[in-house]
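Each of the next two complexes has subunit A plus one more chain, namely subunit B in the first and subunit C in the second.
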Partner chain A sequence: MGHRLRFTARKLARMVLLLLGVSLTAFLLMNASPLDPLQTNVGQAALGAMSPEQIARLEEYWGVNTPAAERYLRWLGDALRGDFGISLLYRQPVLEVIGQRLSNSLWLMASAWVLSGALGLALGVLAGTRRGRWPDRLVRGYCLVISSTPSFWLALLLLMVFSVWLGILPIGLAVPIGAEHAGVTLLQRLRHAILPALTLSVTGVANIALHTREKTADVMERDYILFARARGETAIVRRHVLRNVALPALTLQFASIGEIAGGSVLVEQVFSYPGLGQAAVSAGLGSDMPLLLGITVVTAAMVFGGNLAADLLYGVIDPRIRRGAAGT
Partner chain B sequence: MKNRRGRALFLLLIAIGLLCAVTVAGGLLAGSAEFADFSRKNLPPCLAFPFGTDRMGRDMLARALAGLSLSIRIGAFTAVISGAVALLLGTASALLGGPVDAAISWVIDLVMGVPHILLIILISIACGKGTFGVVAGVALTHWPSLARLLRGEVLQLKQAPYIQMARRLGASWGRVLWGHFLPHLLPQFLTGMILQFPHAILHEASVTFLGFGLPPDQPAIGVILEESMAYLSTGRWWLALFPGLSLALTVALFALLGERLRLLLSPVRSQE
Partner chain C sequence: MEPILNVAHLSVTFSRYGRGFSRTKLSAIEDLSLTVDPGQVAAVVGSSGSGKSLLAHAIFHILPPNSRVEGTLLYDGAPLTAHRAAEPRGRELVLIPQGVTYLDPMMKVGPQVCRGRRDPAVRARCREVLKRYGLGPDVEDLYPFQLSGGMARRVLIACAVMERPRLIVADEPTPGLDARTAQRVVGHFRELADRGAGVLLITHDLPLALSVADKIVVMHAGQTVDEISADQLQSGYGPSHPYTRALWRAMPQNGFAPPSGDLEEWLT
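Our next item is the complex of A and B:
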C-alpha cells in the first residue's frame, strides 16, 4: 500500500509542477503578444475620440502598465486561493465563466469520449482479428478518411445535411433561441448537443481503432491463441484478446482527453455551442488574458488528470502490477 | 510492379507527383484566385466553374487550388522545422542523459499537456497572429511525439551490443554516430517527419478557420471555409463542400505517402 501511495504522491507532485509550467508558459506567451488589448477591443476610432484620462483608466483595466513578473506572481497568489481574476469580456469572475461553459462542454466531451472509445475499441478488435480481409480494409479506410478530414469541415457538412436540408436538427447554440433559462427541457438540450457530440465522437475513433488493431493482430499471432484454438475454445476474443488489448486502449483513451478538448474548440465554434472551447476562441480574439489563462490551466489540469487516472487505473486493473506492488 | 515494394514505390511516386502538381498549379493560379467578376457571382458548380463561384464571382476551383498550395507549403515548412527540433532535442535528451534528459522530458510533457489547438492559438497570439503566428505555432507544437520516439530509439541503440563493440574497437563517437546511429535513425526520422505533414496542414487550416491564422485576404482553405459559414443556411453548399473535400484528399495523400515510405524504408520488410 505504501508503495502505491508513494507512486501517487510522486505523480501528483509532477502534475502540480507541470501545471505551474503551463500557467507560466501561457502567461509569458500572452505577455509577449504585440497585440494591444485597447486597439482590439475599443478600436482605433473610439480611442481617438477619448480623453487621455479615459485611456489611462482603460489601460489600467487591461493591466498594460504593470510589470509582467509582478502580474504573474499576483495572479499565481490569487489563483492558489481560488481566484482566477475577472474576465474582461464577460465581466464575471473567470472561474464562474469557466464553470458555466464547462458544464455545457462536459456533456459533449464526456459523450464523445465514451462513444469514440467504445466504437474505436470494437472496430479495432474487429479489424485486428480479421487482418487483411474486407472488415480490416474497411476499418482502415475509415480511419484514413476520418483522420484526414478537418473536424470543423465535417461539422459544417453535418450542419448542412441535418439542419439545412433535412431540417430535423437545430442549427446551433445549446438551447432554442429566445427560450428562458428555466423553460428549457432536457430533450431540447439533447437535440442541440447531438450534432456536436456526433462530430467529436466520429473524429475521435481513428486513433484508438488503429492502435487496437495493431495490438489485436499482435495478440492473435501468439502461441496461447493457437493453443486455445487447438483446445477448441470458442470465446477467444472475449477471454484472451480483449483482456490484453483493453489496457493499452484505456491508456490511450485517457491520453486522448487533450485531443477531444482541442476538437471541441473547433466543433463548438461551428455550432455556436456556448462551451469552454468557444469561450477560449472569444477570449483569444478579444485579448481577454485572464479568461484565456484560466481556460488553458483548467484544460491542462483535465489532461494531466486523465494521464494520472490512467497511471493509477493501470495498477488497479493489471494483475501483474497489482501483485508486484503487493509483493514489495 | 511485380511485388509489394514495387507497387508501394509506384504509389509513392504518384502521390509525390500529384502533390507537386497541386502546389505548382496553386501558385500559378494565385492571380485568378483573387480575380473578382460580379457578373458571375454565386454560380453553383457547372462546366466552366466545377467548384462554383462565391459572392464576389471568384472561381472557387482556383481559390481551392491556391489554398491547397499555401497549405502544402506551410505544412512542409512547419513539419521540417518541428522535425529538426524533434531530432535535436530527442537525441540530445538520450545522449546527454541526466539533468538535460529530465528537463527535455519535462518540456515534452508540458507541451503535450495543452491541447494543440489551444497552444497554437497562444503562440499565434504571442507572435501577433497572422501568417508568422500560425507558422510558429504549428512548428513549435508538433515535435514532442517524434522527439519522444527518437529519444527511445537512441536510448536503445546506445545499449546495443554492436555499438558497444564499435566503441571498444576504438571507433570515435563521430564515427559511431555517422556510421551506426544515422542509418538506423534516418528512416524513422523521415517517416516520422512526413507523417507530421497531415497534422500540420490540418492544424494550420483549423487555426486559420478560428481567426488566429492567415489573414482573410489570403485564399487559404481555413479562410474559405470560414467565409462559407455565412452562406450555409442559404443553401450555397458548394462553397464549403469542395474546398474541404480537396483539403481532406491532400491530407490523405500525405498520410498514404508516409505509410508507403515507412513500408519501403523498413528493413524488416525489404524482402517482400
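Our next item is the complex of A and C:
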C-alpha cells in the first residue's frame, strides 16, 4: 500500500506543476491575442459615443492597462486561496459558471465516453481478431473516414439529417427554446443531448477502435494464442484476447477523456449547447481571462485525473504490477 | 506396430507479397519424412532455421494462413486434416511448447492447466498432475511471471498430460535451462513414452536427445538428411551422413571438432 500512496503523492505533485504550466501558457496566449477586449465586448460604435472617463473605467474593468505579470500573479495568488475570480462576461463567480456549464457538459461527455469506449473496444477486437478479412476492412475503413472528418462538419451533417430533414431531434441548445427552467423535463434534456453526444461518440470510436485493433492484432500473434489453438481451446477471444487487451484498452479509455473534452468545444459550439466547451470559446473570444483560466485549469485537472485513475487501476488489475510490487 | 505419427515427404512453403503484386514463395520445409511409434521417443535434431518448429506447427494446424503444406501427415494411420486434428488436439495429441511465453501472462497457472474447466474432477486431476512434476498446490495460484524457467516447463508438461496423450510433440523444451533441469525435463518425456505414448522431441541439442531418444532424425535446411537409431549412433557404428557426422564430432565428448571441408562442400 505504501508504494501506491507514494506513487499517488508524486503524481499529484506533478499535477500541481502541470496546472501551473497550463494556466501560464493559457494566460500568455490570451495576452498575445490581438483582440481588444473593449472593442469586442462593447462595440466600436458604442465606444465612440463614450466619454474618456467611461472608457477609462471600462479599461480598468477589463484590466487593459495592468502589466501582464501583475495580472497573472494576482490571479494565481487568488486561485491558490481558492478564489478563481469573477467572470467578466457572465458577472458571476468563475467557479459558479464552471459548475453550471460542467453539469450540462458532464453527462454529454460521460455518455460519449462510455459509448465510444464500449463500441471502440468491440470494433477494435472484432477487427484485430479478423485481420485482413472483411470485418477488419470495414472497421478500418469506417475509422479512417471518421478520423479524417472534422467533427464540426460531422455535427453539421447530423444536424441537417436529424433536425432539418427528418425533424425528429431539436436543432440545438440544452432545453426547448422559451421553456421555463423549472418546467424542463429530463426527457427534454436527453433529447437535446442526443446529437452532440452522438457526434462526440462517433468521432471518439475511431481512435479507440484503431488502437484496440493494433493491440488485439499484437496479442493474436503471441505464443500463448498459438498454444491455446494447439490445445484446441474454443473461447480464445474471451479467455485470452480480451484479458490481455483489457489493460491497454483501459489506458486508452482514460486517455480519451482529453480528446472528448477537446472535441466537446467544437461540438457544443455547433449545437449551441451551453456546456463547458462553449463557455471556453466565448471566454477566449471575449477576453474573459478569469473564466478562460478557470476552465483551462479544471479541464487539465480532469484529463490528468483520468490518466492518474488509469495508472492506479493498472496497479490493481495487472498481476505483474500488483504482485510484483507487493514482493512475492 | 503401426506408427502413431507418419510424416512422408512433407513440405511447407510460405507465400509473401514482394514488391508490387509479385508473390514470392519461400520454402521452409522441403522434404521431411519420419515416423514415431507408440512408446518411442523420436528426436528431431537440427540447427535453428532448419524448419523443426514448423513441423510441430504443421501437425497441430497452427501455421500462419499464408503457408501451404504438402505431403502426407498420418496420425494413427489416417490423414491428419485440419478437421480431423480438431478432435484429438489438446487431448490425445498434445504440444509441449518452448517456455513461459506460451502461457497467458494474465491468467493464473491453475485455470490454464485446466483449460478453463472448473468441475472438481478436472481440478483434482490438475492438482495431481502438478504434484507429479513436483509442483505444489500453491503453484496453481501463481501467474506465469512468477515461475522460474524450470517450473514453467513443468507446468507446460502438466498441461500436456491432463488427459491421456497418445502423441506428444515437444518443441525445444529445454533452452535456457541448466543441464540438470534440462535432463530432468527430457526424463519426463522418457517416462511418458514408457507409458505408451509416442514422443516427438524437437531440439537442437544432440547430446540431450541422445540421452533419452530411441531414434534421431537429423534435419538440415528443411530436409531429413539422416534417420538413425540412438544406439547405432552411440555404439560408434558411425553416423552415415556427413552432416550427422559433423554434428556428432562437434559434441564436446567427441572432440569438439569444427565442421571440416567435406561438410562445407556438402552444404553448398
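Note that the second predicted complex is superposed on the first by the 326 of 328 C-alpha atoms of A that agree within 3 Å, B and C clash if a C-alpha of one lies under 4 Å from a C-alpha of the other, contacts with A are read in each partner's own complex, and residues count from 1 in each chain.
We adopt the following convention: a residue touches a chain if its C-beta (ideal position, glycine included) is under 8 Å from a C-beta of that chain, and two chains touch if they have at least 3 such contacts.
Worth saying up front: this structure is predicted, and the values here are computed from it rather than measured.
Engineer: What is the contact status of A:Asp223 with respect to subunit B (first) and subunit C (second): first, second, both, or neither?
Structural biologist: Touch partner of A:Asp223: subunit C, not subunit B.
Engineer: So, A:Pro319: does it touch subunit B (first), subunit C (second), both, or neither?
Structural biologist: second
Engineer: Tell me the contact category for A:Ala235 with respect to subunit B and subunit C: first, second, both or neither.
Structural biologist: second
Engineer: Just to be sure I read the superposition right, which of the two partners does A:Ala68 touch: subunit B = first, subunit C = second, or both, or neither?
Structural biologist: neither
Engineer: Counting only touches as set out at the top, which of subunit B and subunit C does A:Ala110 meet: first, second, both, neither?
Structural biologist: The answer is neither, since A:Ala110 touches no partner chain.
Engineer: If you stack the two complexes on chain A, which partner ends up touching A:Ala56: first (subunit B), second (subunit C), both, or neither?
Structural biologist: neither
Engineer: When the two structures are laid over each other on chain A, which of subunit B and subunit C touches more residues of subunit A?
Structural biologist: B
Engineer: Does subunit B (first) or subunit C (second) touch A:Asn244, or do both, or does neither?
Structural biologist: second
Engineer: Quick check on the complex: what are the subunit B residues that touch subunit A?
Structural biologist: Spelled out, the residues of subunit B in touch with subunit A are 106, 109-110, 112-118, 121-123, 125-129, 198, 202, 205-206, 209-212, 225, 228-229, 232-233, 235, 237, 240-241, 244, 247-249, 251-252, 255-256.
Engineer: Can you list the residues on subunit C that touch subunit A in the complex?
Structural biologist: 57, 60, 62, 86, 89-91, 94-95, 97-98, 101-107, 115-116, 143, 145-146, 159
Engineer: Name, in rising order, each residue of subunit A that touches subunit C in their complex.
Structural biologist: Against subunit C, the touching part of subunit A is residues 222-224, 226-233, 235, 239-240, 243-244, 246-247, 318-320, 323-324, 328.
Engineer: In the complex of these two chains, what residues of subunit A are touching subunit B?
Structural biologist: Residues of subunit A touching subunit B: 14, 17-18, 21-22, 25-26, 28-30, 32-35, 144-145, 147-153, 156-157, 159-160, 164, 171, 258-259, 261-263, 265-266, 269-270, 280-281, 284-285, 287, 292, 295-296, 299-300, 303-304.
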